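Note that the chains take the letters A, B, C and D in the order they are written out, and that residue 1 is the start of every chain.
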Amino acid sequence: MTGLAIITDPATFATVLRVMTPLLIAALGILISDRAGVFNLGMEGMMLTGALAGVLVSAWTGSAWLGLSAAIVAGGLIGALMAFAVNGLGANLIIAGIAVNLAASSGTTLGLFFATGDKGMSGALRSGVMPSLDLPFVRDIPGIGPLVSGHNVLTYGALLAVPLISLMMARTAFGLRIRAVGVDPKAAATVGISVKLIQLQALVLSGMLGGMAGAYLSMGYVSWFAQDMTAGRGFIAIAIEVMGMGTAWGTLAATIVIAIAETLAITMQTFGLPNELMQMIPYVVPIVILTIWTARGRARPAGR
Amino acid sequence: MNRALLAGLVRLAITLAVIAAVILAVLIPFALPHDQPGAVVAAFLLGPLSSVRHLGNVAEYATPIAFTGLAATVVFRSGLFNLGIESGVFLGGLAATAAALLLPSFGPFTPLVAIIVGAVVGSISCVIPGELRLRWDAPEMVTSLVLNFAILYAGVFFLNYYLRDPAAGSLMSYRIPADARLDRLLSGTRLNSGAIVALAACLTVGIWLYFTRSGLNLRIVGQGPAFAAHLGLPSRRIIMQAQLVGGLIAGMAGAIQVLGLYPRFSWTQLPGLGWTGIIIAILARENPFYVVPAALFLGYLQVGGDFLARDIGIPSEVVGLVTAAIMLAVTASAIFQHPAVLRLIRRIRRVEAAQ
Amino acid sequence: EAAAADKILLIINGALGDKSFFDSANHGIELIKAKYADKVETRVLEIGDDATKWEPALLDASEQDWNLIILGTYSISETLAEVARQYPDKKYILFDASVPYADGGYDNVYSISYKQNEGSYLGGVYNAELLKSGKLEGDIGTSLGFLGGMDIPVINDFLVGYIAGAKFVSPDIKIAVSYVGSFSDAAKGKELGLAQYRAGVGIGFTAASQAGLGQLSAAKETGKYVLGVDSDQEAIFAESDPAIASQVVSSVLKNVDVSLLQAYDKYVAGELKFGSEESLGLAEGAVGLVESGNYQQLATPELLAAIKTAKEKIASGEIKVPSAFGMSSDDLNALRNSVKP
Amino acid sequence: MTDGRDDGERAAGPAPAVAFDRISKTYANGTVALRDVSFSVPARTIHAICGENGAGKSTLMKILFGLEEPTGGRIWLDGRPVSTATRDFAGRHGIGMVHQHFSLIPTLSVTENIILGHEPGKGGLIDRAAARARVEMLSRRYGLAVDPDAVTGRLPVAAQQKVEILKALSRDTRILILDEPTAVLSPPEINELFSRLRDLSQHGITILFISHKLNEVRSLAETVTVLRAGQLAGAARLADVPDNMIMQMVMGRPVEITRRQPRQVTGEPLLAMSDASLASRDPADRLQSIDLVIHPGEIVGVAGVDGSGQRGLVSLVTGTARPVSGSIRFDGEDMAGASTARWRARGMAHLPSDRFTQGGVPALTLTDNAIAGTDGDKRFQRGPFLRRGAISRAVAAMVEDYSVRALSIGERLDSLSGGNVQKLIAARELATEPRFLIADQPTRGIDVAAAAFIHKRIVDAAERGAAVLLVTADLDELLRLSDRVVVMFAGRITAVLANEAQLTPERLGPFMLGLEGMP
C-alpha cells in the first residue's frame, strides 16, 4: 500500500475515529476540571477504574449499558474522592492526581483478582460491548455514508460531547460558574458561588468522562479488562487538553492531530520504520505544539 | 534550638500518627478475613526488621528513591513542578549502560565514568522542560510529563538498535562488564556502594541548600520569587541550575540502580522511581537531610509489603494503595495546618521560651 | 513410608493470569499435585515483574525448607545464576531459560528450554496450508500476518520458525509483520491487527501476550482468522465470547505444564539431570499446536498430512528449524523483507 | 448622628436604610479592624465614609455585604435586625457592592459577569436574550453605557468600573456600596460616574461611598462618617462643616510634630529623574512627566493617597520597571531601565511596602532572611560556603540592635509580628550602608516605639550621606523626617514643598486630594 492509498483509505478514517474516541472523552474530562481550576492529573487512573468497573458490572448484569453506567459512576466517585482530598483535606492537587493513578493501578489489579481470581485479564468473564451504530439513511449516502456510519456508539458519544460540553461551558449557569471559579475563585465567591461545590461537580463530571473513556477501551475496543490496558492514554489526554487551549473544539482539533499521528504510526509499520520511534510521536507532537503556542503568547479566549 | 526541636518532634509525631492510621485503615480490610489478622500486621511491621538481610533490603530499596527524592527536592525548591525526574532515571540508567558497554574500560574508574555519563545524559529530562518554561513559558508540568514517555520510547529504540544482546531471550543490553558494576556492601543483599553515594549526595545537597550562598539563593527564588526580584537575584539562572542539578541526581540514580542491581539494562517501561521520589520529597518536606529517613521509611513499607505478599499471601498491590493514601494524608494541609495543631505548636514554643 | 512430603515452590516472576506460560507452569504444579497427591506439598509465589525484587525473594525462598524451587523466564535466569551458587544444597528447575553451565558450579540447577521455533514452524505450516485449502469462509485475502509484542529475540524466534514453516508450504508466501511495542495495550494490538487484515492478511499469528489478544478482537470484527500463542486462546473465549473463539484457528503452545510434570517424574525417580540443560521441542511434546476445537474442523486430510510430515522431518533432524537467537539484525531484516507483502 | 438601634426603635420618620449597631471585627490573625462602630444611613441618601488606610472602612462594608462575619454587634436594615450569615444575604436584601479591588472575571463577557451567580435560565441553558436584555435595561436605566458582549478584561478600566457598578445594581439593588470606585478613574470619568450616582440616588437607591478624596466626597455625598483606627471618629452633614474639620477627623487630633532640622543640600543631586513617564495596565501605577531630584544626605518624602503613582515611582528606581520616556540618572550614570541588580550594585537599598512577599520569605528563618542578598560579602561567606558562626553572631547583633522580638534567630519569619518583621527588614537593608535608600511605608502597622526606632535609622542613613526616598501614607511620619515633600496625585507630582514649620497635614491635604496643584 502506498502512503497516498493509506491516507485516502476509508478504513484509515475509521482508525482515526477509534484511536480518537478514548483520548477525546478523557481530554474533555480534563478540560472541565481544568476550567474549574482543579486540573485532573488522575485521568489515567479514572480510565483504568472505569475500564474495570464496566467489564465487571456488564458481566454480572449481562447488560453492556449497565456496565457503561457503572464505569461512569466509578469514575465519578473517584472524581468526588479527589475533590474531597483537595478541598476537604487540603491535599495538593497534583499529588492527589498522582495518588489516584497509583491507587487505580494497584486497585484495579486487586479488584480483578477478587472478582475473577485472575490478575491478568478478565477474558473468562462474559462482559458486554458497546454496540456499533448504523445510522439509518446516512449509511446509504454514497461516498460519505460508509465513512460516517457504523462506528461505536461511544465514538458518536465522544463527538457529540464536543458541542454539548462547548454548549455547557458557554451557555449554562454551571458552565459559566465553572469558568468563573477557574479564573478567580475569590471573585466568584463574592457573588455567592460555592467554589468547593463547583469544583466537586467539575471533578465528578471529569471522572465520569474518564470512566467512559476507560469503558471504551474494555467494552468497545476489546471485550475484556487487562492490567494497565489504558497504556498511558490518560497522560496523552492531558497533553491534548493543554494543546486544546481550554476549549472543547480546540480539544477536538488537538485530538484529531494526535489520532492522525498515531494512526500513521500504526499504518506505517508496514514500511518497516522502527516502532519505538513511531510511538514517540504522540508524545513529541504536544511538546512542540505547546511550546509554539505558549511562545506566541498564551492568551486564553473568553467564552466557550 | 530546643524549642524548634521539640516543635519539630511534635510535627514528626503527628505525621507518623497519621501514617500509622492510614496504614491500618487500608490494611485492616485485608487482614480481617485472614485467620490471624494480628499476624498480617505483624508481618508487615516486623518482617523488615527480622534479619540483617531484610534490613539490608530496606536500605537497598531506599537507595534509588533517596536519590530521586533528593532530585525532586532540588527541582521543587526552585518553584517549578518539573516531573522529568522519572525519565531522568531511565535515561541515566541507559546512558550509564551505554558508557559501560561502548566506552573503553577506565580500570577502577569505570563505574565513575559510567555514572557521570548517566548523570549528564539523564539531566536532559529535567533541563528541557525547565528551558521550555523559562524561555517560552510552556507549562513544565505538562511538557515534562509527556516528555517522560517520549524519552522512554527513544531510549527503548536506542536499546534495541545499539545495545541489545541478540543472544538474550528478551530485550536487554549486553552484560554490563564486571569492572563497571558497583561493589556490594552486605552479602546476601545487593546493598551497594550506591547507598553510600546516596547518603553522601543527601548530605552534600543539604549542605548546598543550607550552608552555601547559592543554596540560600535557590531557596529564596523558589519560595519567594517576589523577594528574589526585590534582591535582584538572577532567578532564571538559579532555576535552571536547580533543574540541572535535579536532573543530574536523577540520572545518577538510574546509573547507580542499573550498575548496582542489574546484570544488564532491561528497562522497557519507566521504572517509577521518579514518582516515588516525589512522595519522598513531600514526606521529607523538601529538606535533603530528611530525605534519607523518608526513603528508609518507604523502603521499610516496601519490604513489609513484600512480606505480606510472600509470607501471608496478601497481594502486594495493597502496598500501592497504602502508598497512595499516605501521599494524600501527608500533604493534607487540613491536618497539618489545622489551627489546633498550629496553636499546639505555638504553645509549645511559648512554654519553652518562658522557661 | 513415613518420608515427609516433598516441598515444591513455584516462583512466578510476574503475575498469574497471563494466559501464557506462567499459567501453564501453574497448571504443571496442579498436575504434579494431582498425580502425587499428599506426597507433595506445593506453593505458588508471585513476586511481580519488578526485577529489583527478584533477588531478595529468591534468597528468601532459598533460605526456607523447600526441596525443589521451580522458576522460569530468561529475565530471572541471571538472578538465579547468582543465588544458586550461594545455596548449592538447594535444587532448582529453571524453565524457558538456562544458566551458564560452561562456567561450572551449577550442579543444583536443571534447565528446560523450549524450541518455540519448532512450535511456530508448525504454526507456519498450518496457517499456510489453511490459506491454500480454501476451507476458511469468506474473502480471507492472500497473505499471513505476524503480530509481535516487541521486536525482541524471544518473540522473533516465533517469527523465524513461523516464516520457515510457511515457506515450507508456499515458498513465495507473503507475511505482514508488525510489533505492538507493548504487551499490555490490547487496543493498539487490535488496531495493528485490523491494519494487517485490511492489507490482505487472512490469518494472523499473535505473539504479544495481552496486547496480542487485541488481534483476536480484530479477527472477530473482520471475519478473518488468527493463530494464538502460549495457551489455548480459543478456550479462553469459548464460553465468554464464542464469536472470538470461532476465529482462532489454533494456538502454538509451550507445554510448560507437561514438561514440569515430566521433570518431576524424573526427579522422583532420581533421574533428573541437574547440572544440565535440556532443550525440549516437538519430539518431547513440549511445544506444538492445539489440536482440539477449531483445529478438528479445519484440518483437511492433506493439511494433517503436511503437519505430520513436518513433525517427522523435524524429529528426524531432516528439517532444522532456524532460530532468532544469535541472528543478526541485518539477517533478520532481510528475512522479514523477503516475505513482505 | 444617632445610635442605629435607638433610631430604629423610636424613630418617628422612616427607618434608616442601614444602621450599624456596635459592630466589632477581629480578624482570625488577631487584627482588630473595627471596635464598636455605630451609625446609620438614611434611606435614599448618598453617604460617604472616610478614613485613613487601614481604618476599617472596607471591613465594615464587607460586613454589610455579608462577606465577613462581625465578631460583635449587628446590622439593621429598614429598622429590622438582620443576620448577615444567611445564604445569599446581599442578593436577598438588595445590597450591591463595588469592591475596592475588581471582582470581575476578566475572561468573561460583560453580560456574563453581570449575571454571574443569578443567571436567568431557560430549559437548562442561560437565557442569553433575557440576560442581554437585562444588561441593556440596566445600562439604559442607570445611564451606564457598556457593550454587553465585550470581553471584560479587554475593556478600559473605566468601562470595567461601569460593569462593576452594573453588576452591583443587577439584583433589584436598594443599597449600593462603592468602595473607592474612583481610585482608577480619570477626572472626566469621575464626573460622569458621579452624575450617574446622583441619578441612582434619585431612583431611590441608598448609596454608601468610600473615598479618600475630599473633593469627591463633597461633590457627591450629603453626609459623611469618619473612621479612625477601627473606631468612629465623627460624622457630619457635609454642608455644615468646612474641609479642615473633616480632615481633622480623618487625621486625628493635630499632633505636635517634632521635625528634624531640614538640611540645606547643595551640589549635584545623586538621583535625577526628569520628565519620566511610565505606562502600566494598572492606572494606579502610571506616571506622567515626573521630575524629581534627591541629593546625598537628603530625605525626600512622597505624600499621596494610596494608588496615586507611588508604586510606579518606586518601581522606576528599584529596577522593576522601565520608563517609556524621560531620563533617570544616578550619580551621573544613565539608569533608565537598569536591573535591580545594577541598582543594588550602585548602593540602592529598599524597604518594600509589601513585607511578606517582597520583604522576605515567610517560610525561611530570620537568619536566612537577614543575610539574603549579601552575596559576596566576605563577612558571611568563605568561598561558596556561608560562615554560619559569623552569620549567627551578626544576625544576633542585628536582632539585638533593632530590638526584634523573636524566640530565636532560627525561627521562621512568619512567626514574627508585622512590626518585628519590618524591623528585621530594615536591619538587613540598612546593614549595607546604602547610598540611596527607598523607604516605602516603612512603619505601616507597627507600634510607636518601633516606628521611632526605624525613623532614627533612616535619619542616620541620611546623615551618613545617603539619598532617601520616603514614600508614606503617614503624614506625621512624612513631616517628621523629610527635608522636602513632593505630593503625588493621579500619577503626577502636584507639589514640591520645603518641609518648613508651616507645612502641616492640612496644607498637604488639598494637594493630596487633587483640590490644588492639578494642571
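Everything below uses one rule, namely that a contact is a pair of C-beta atoms (placed from the backbone, for glycine too) under 8 Å apart; a residue touches a chain by one contact, two chains touch by 3 or more.
Remember, predicted model here, so these are calculated numbers, not experimental data.
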Of all other chains, the one whose Cα centre sits farthest from subunit C
D
Pick out whichever of the two, A-C or B-C, is joined by more C-beta pairs in contact.
A-C
Between subunit A and subunit C, what distance separates the C-alpha centroids? Give it in angstrom.
35
Report, in whole Å, the distance between the mean C-alpha point of subunit C and the mean C-alpha point of subunit D.
77
Mind checking the centre-to-centre distance between subunit A and subunit B? Centres are C-alpha means, answer in whole Å.
30
Residues of subunit B that touch two or more other chains: which are they?
153, 156, 160-161
Any chance you could list the residues of subunit A touching two or more other chains?
109, 113, 119, 274, 276, 279
Return all touching chain pairs.
A-B, A-C, A-D, B-C, B-D
Can you list the residues on subunit C that touch subunit B in the complex?
45-48, 51-53, 55-57, 59-60, 73-75, 78, 86, 96-97, 150-154, 181, 325-329
In the complex, go through subunit A and note every residue touching subunit B.
85, 88-92, 94-96, 98-100, 102-103, 105-107, 109-110, 113, 119, 232, 235-236, 238-239, 242, 274, 276-277, 279-280, 283-284, 286-287, 290-291, 294-295, 298
Complex contact set, residues of subunit B against subunit A:
81, 132, 135-139, 141-143, 145-147, 149-150, 153-154, 156-157, 160-161, 275, 278, 282, 315, 317-321, 323-325, 327-329, 331-335, 337
Can you list the subunit B residues touching subunit D in their complex?
1, 3-4, 211-214, 216-217, 219-220, 223-224, 226-227, 229-234, 346, 349, 353
Subunit A contact footprint on subunit D (complex, rising order)
67, 87-88, 90-91, 97, 99, 102-109, 112, 115-119, 121, 124-126, 128, 151-153, 167
